[in-house]
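Heads up, the next two complexes both have subunit A, just with different partners, subunit B and then subunit C.
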Partner chain A sequence: MITNILFGVGVAFFGFVLQTSIAGVNRKVVGRVQKRYGPKWYQEFLDIFKLLSKRSVTHGWIFDFGVIMALGGIIGTAMFMPITSDLVAFADFDNFFIFVYLIAVGMLGMAMSASGSGNPLASIGVMRALTTMLAYEVPFMIVVLTIIKLTGTSSVTGIAEFQQLASNNWFMIALPLGGIVGVMSLMGMIGKKPFETYIAPAEIASGPMVEYGGKQLGMLFIMHEITVFIEVSLFVHLFLGGAENVVLFIVKYFLVYTTLNIISSVYGRFKIDQVVLFFYKWPILMAISQAFVAIYLGWVI
Partner chain B sequence: MLSTKFTKLSKEEVDRKWWEIGDFFRRNSLWMLMYCTGCCAIELPPAMTSAYDMERLGMGPMATPRQADVLLVTGYLSLKTLRRLIYTYEQMSEPKYVVGIGSCTINGGIYHDSHAVINQLNRYVPVDVYVAGCMPNTEAVMNGFVDLMGLIKTKKANGWKDYHARNEWYMANQKAALGEVKVHDEFHE
Partner chain C sequence: MASIELIIVFTALAGVLSYFVGRLNKVAGSVVTILASMFVFVSVAYFGYNNELIHSTEFLPYVTFSVTYLGLFFAILVTFIFAMVSFFNPFFVEKYKYPALYSMLYLLSLAGVLGVFFTNNFMSLFFFFEFVVWTSLFLIPMGRSKRAASSYYAFSTVGSFALLFAIFIMREASGTFNIVSSMASVNGTEAAIVSALLAVAAFAKLGAFPLNVWLPRVLGNSPDAISAVFSGGLEKLGAFVAVLALVKLAPFGYVVDATGLAASQYVIAALGALTIVFGTLMAIRQDDAKKLLAYSSMSNGGYILVALTIASSASVSGGLYHVVAHALASTAAFLAIGAVSRITGTTKMSELGGMIHKMPVTYLVYLIAIISMAGIPPMGGFISKWLIFQAVIDKGMILVAVAVFFGSIGSFLYVFRPLAALFLGQELPQHREVSKEAPFFMLVPMVILSGLIIYTGVLPNFFLGFINNVLTEVGVTPLVIGSYTVTGTNGVLQPALIASVFGVGVLIAFIIFIVLKKSRKVGLMDTYTAGNFIYTEELMHYSLDFYAPLERLYEKYINITKDFYKRLENKVVDLGRLMKYYFFTNKPEIMVLWIIIIMGIILWGDIL
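Here is the complex of A and B:
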């Protein structure tokens, strides 16, 4: 038991280091897209450690406690994440629904803490984040439930191993419409450009993070990196066939995140009503037709 | 031959070492809050975008004073904006630095005889680096940021400590210029 917990914390730490490095490399990639040189690849580490080295103010104990709850909740979620089919801290507990439920703890902690700051822009940001979540969850859940119906298991490693069999394709290829919906929902999940309405630095002054500075902001940055790690690796396991070894996992992870970043770097920002209308129009239509075609007609490539 | 004997460091020595490690991170990741009041603000877009690319130094714009490390004051300050500037400066989390861009922050520039504009910025908030010129070149602005990094490295960017140490003096100057520093909330009053 104790080794499992230590291993789980190790997975969360691995996710933090991996995602922070890849985010730094991606800042360079976006810089090249914009014809700039870009920062150092380890710039994200410098930013986080600088924030942790600063003095900060507090707005009451809910403000402080919410940050710790957000970070703890996200680390607790990341502990269940399989890296390869064998490298999993709690075998048989890597169920898809565990991630769906546990990730809400971190999100609610952040929402509580941001509301505790008393800034109206923070409340607007939290409201927008929850609205965006409501928008992208529905098409994403329809596609994932289709996958669960096809594979007959909701275990993340189970789904990944199903795709690794010689007779099966990755679900990105087997369910092409569902794969596109997955990519669009993932962009909403990790807050990339057309759907980053709840951050919106020029409009609502970075939304939920408006009152954070110093140590609290540093902890929120760590929490954000681990959240992105959870979401992108869920996509890798559900749609791209998981990974047989760690190197393959890192390569797939890097490709997914970089592709999303390049797509994101050429887009503007949607308004919040446009985000909801967008997700409830095309992705939901594609997800339902994909579910119908795959389950009732049995057309799976 | 170097001694391998373990000697216990004093508390000041340990604090100094931690502070130097913190300074390394702080000078390589300066986040700016731009208080663009005057014409010098037009020099910042080329400094940030592909022409000079400030991000390779680890710098970038931030949305709120709580998140920022550097306060950029670009241009003249009327009495009304000075009140907001003091509020903004006091909201930033320490260690914090101020960069004054343009002649207006040094001696009033072309507004030196205006009744509504203050002349010396560092009588009201401590300024670490000035960039002179009306307006300064973009190269000069970038050089100012590199100078600030050098000052942080040599521990000379101590404006925020000075604001604590000589707080009465700064407060007296603010009172003398503004009468009252408080910003009235006209909407709710």
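Here is the complex of A and C:
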């Protein structure tokens, strides 16, 4: 049990290092898209460690408690995440719903802390984040419903292994409409344009993050990196057949994240009601028709 | 050993006693409610759990009892809620116009509830059902609105009549009022009609769409303690009837091959899904914290209906577990809001802010309650929602799943509002001086409830084991549970593992936090304002129309159900006027004419 927990902590740490490095590389990629040089690939690490070392201010116990709950919830969630089918801390217990709902503890902690700062811009950011969540989560869950119904298991490694069988395609190909919905929802999840309304730096001063500095901000940065790790690797496991070994996992992960970043770098920002209307128009229609076609008619490529 | 009859008679007598004590001293009368309801809970739970309840009757005429696991499950839960809420009575009776009557009705409705769950006779069931309606009816207007009581009465009547018709049909088919044998004897079309009628009764009691209008009115306007009792206890009578209607009676209608579900199940699940969506959308736009929780109760009632109608082992145990989880969570949340309302005198979120600084324990109670309500681990609500999701996915109910997921994510939105607007944010000056933490005896039930919410989320197997007895009794395959694991249709869950991993995560985060440099404490007004100078707390507190951009998308359509019932009400009033005009005029000769005509019609063929 202790080894499993230590392994889980290792997964969370691996996720943090991986995502922070890839995010650094992606700052260069986006820089090149926008005809800039971009910062060094390890710039994100420097930012985080600088923040952690600084002395900051606090707005009361809930402000700190929320940050601890946020980072703790996200580390806890990441501990369940499989890397390959064999490299998983708690085999058989990596249920899909744990990732969707345990991640919410972290989100709740951050929202709580942000509202506890007493800055209205933070509350507006939280409102937008939750509204965006209401938008992207439902189509995504419907696609995952289809996947779980087809594979008969809600274990993330189980779903990945199902796709690795010779007779089955990746779900990105097997369920093409669902795959597109998955990509769009993932962009909402990790807050890429056009769905980054809740951060909106020029408009609401980074939203939930507005009051933070020093170690609290550093911890929220770590939390954000691990959150992105959870969401992108969930996509890799659910839609891209998981990974047989770590190298393949890193390659798939890098490709997914970089593609999203490049798509994101050419878009503007939606208004919050446009986000909701968007997701409740095409993605949900596509998700529902995909589910009907796959479950009731059995048409899976 | 304890006799059910004696417990019920004791509760009723204690109610009468509390009335007379309450006439002498308001608070003493309400203390009687605490003692009596605690006694009832302890005796029902202890003797019921050890199978030592005696069901013979000696004093009450025509009433017979029997102990079923189903009845026991609901009885223990609801008496527990009554016992917990009763701690609030002494602190609130001062405000009511008839404090002695309040204490008496509180205990009488408890007696009625026990009768409903333990009787084995449909006529007594109906009697106790009405008894609960009539006693709770007069508790509602002691709060803010009299109209809420009439609305409750109107919808309860629909449910009661549906129940009565169902009872008569079963009596016609079986010749007995016994619950088990009369339900077993109906089949074919009769069973379908009975099932539909009982479902109407369940909908009316649960406040499910389309019989939902009373619930937010009652829960939003009742006295604070009564809202908690309604949401956690009395509303669950609907779930009890729903188990009878949806699980014990077979579904009917055309069976879809792909899923093996009958048409009636699709209809009920669709109505349950609409209940979830409408409840969620309405909860998001409330300004009154109690109303918000009321709509959330409605939406959770929808989950219970969806779960019970699918009638697989995962879904029924999920539904029953949701009854427990929601009862605990919503009672705790209502009590926390009640504690705030006692001190500030309002439950409107736009008038409150920053209560956390003076009421930290109440805040934590509310936080734990909403984590469970939103279905987030490691709280009880996650287990039940997980089981319900399993069942919905397993049956491939796509459109119902949209509603179920929407309600689940939507609940993050609405439960967060009171947290942000009422407890967090700027501390408003008008409450800064007066507010303080709730008294010790108000914190006791809230903390017990929070402990149970965590317990149900971390170690659900004790409750699920009890629910498995219920499942066996109503004819559903029991759920597979290990010593720490729960096995659903397509996955295994180990709640204790989730909780401990979460604990490890928090520990790591705490260590990171504590080893780094200590932060300097600054005031809440010392925030980034983009260069503006703002000195009033209200301007820095974002609480009004929290989800305005989202609300704008559907605010045109929110009054459709309400308008429908308003028009129906007007039609009923018109009909009443018409009857009055033709029949009850002030000219006696017309009355006599009508009486003769009606007598003639009735007696035609027999005597004439």
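Heads up, the rule we're going with is that the second predicted complex is superposed on the first by the 301 of 301 C-alpha atoms of A that agree within 3 Å, B and C clash if a C-alpha of one lies under 4 Å from a C-alpha of the other, contacts with A are read in each partner's own complex, and residues count from 1 in each chain.
Basically, a contact is a pair of C-beta atoms (placed from the backbone, for glycine too) under 8 Å apart; a residue touches a chain by one contact, two chains touch by 3 or more.
This one's a predicted model, so the numbers in the text were calculated from it and none came from an experiment.
Of the two partner chains, neither subunit B nor subunit C is touched by A:18.
Legend: residue contacts after superposition of the two complexes on their common chain; A:55 is shown touching both subunit B and subunit C.
Residue contacts after overlaying the shared chain place A:295 against subunit C, while subunit B stays out of touching range.
Contact with subunit C, but none with subunit B, is seen for A:219 once the two complexes are overlaid on the shared chain. In the superposed model, A:137 makes contact with subunit C only, not with subunit B.
Once chain A of one complex is fitted onto chain A of the other, the partner contacts of A:211 extend to both subunit B and subunit C.
Once the two structures are overlaid, the count of subunit A residues touched is higher for C than for its counterpart among subunit B and subunit C. Once the two complexes are laid over each other on the shared chain, residue contacts for A:123 go to subunit C alone; subunit B is not touched. By the touch criterion defined above, A:75 reaches subunit C but does not reach subunit B. In the overlay built on the shared chain, the residue A:31 is in contact with subunit B alone; subunit C does not reach it.
In the superposition on chain A, the residues of subunit A contacting both subunit B and subunit C are 53-57, 205, 210-211, 214. Across the complex, subunit A meets subunit B through its residues 27, 31, 34-40, 43, 46-47, 49-50, 53-57, 201-202, 205-206, 209-214, 217.
Across the complex, subunit B meets subunit A through its residues 21-22, 25-26, 28-29, 31, 49-50, 53, 55-58, 62-69, 92-95.
Within the complex formed with subunit A, the subunit C residues making contact are 258, 354, 356-357, 360, 363, 367, 371, 374-377, 382, 385-386, 389-390, 392-394, 396, 398-399, 401-402, 405-406, 409-410, 412-413, 416, 419-420, 424-426, 488, 490-494, 497-498, 500-510, 512-513, 516-530, 540-543, 546-547, 549-550, 552-553.
On subunit A, the positions that touch subunit C within their shared complex are 5, 8-9, 12, 52-62, 64, 67-77, 79-80, 90, 92-93, 95-98, 101-102, 104-105, 107-108, 111-112, 115-121, 123-124, 126-128, 130-131, 133-134, 137-138, 141-142, 145, 148-149, 152-155, 205, 210-211, 214-216, 218-219, 271-273, 276-277, 284, 288, 291-292, 295-296.
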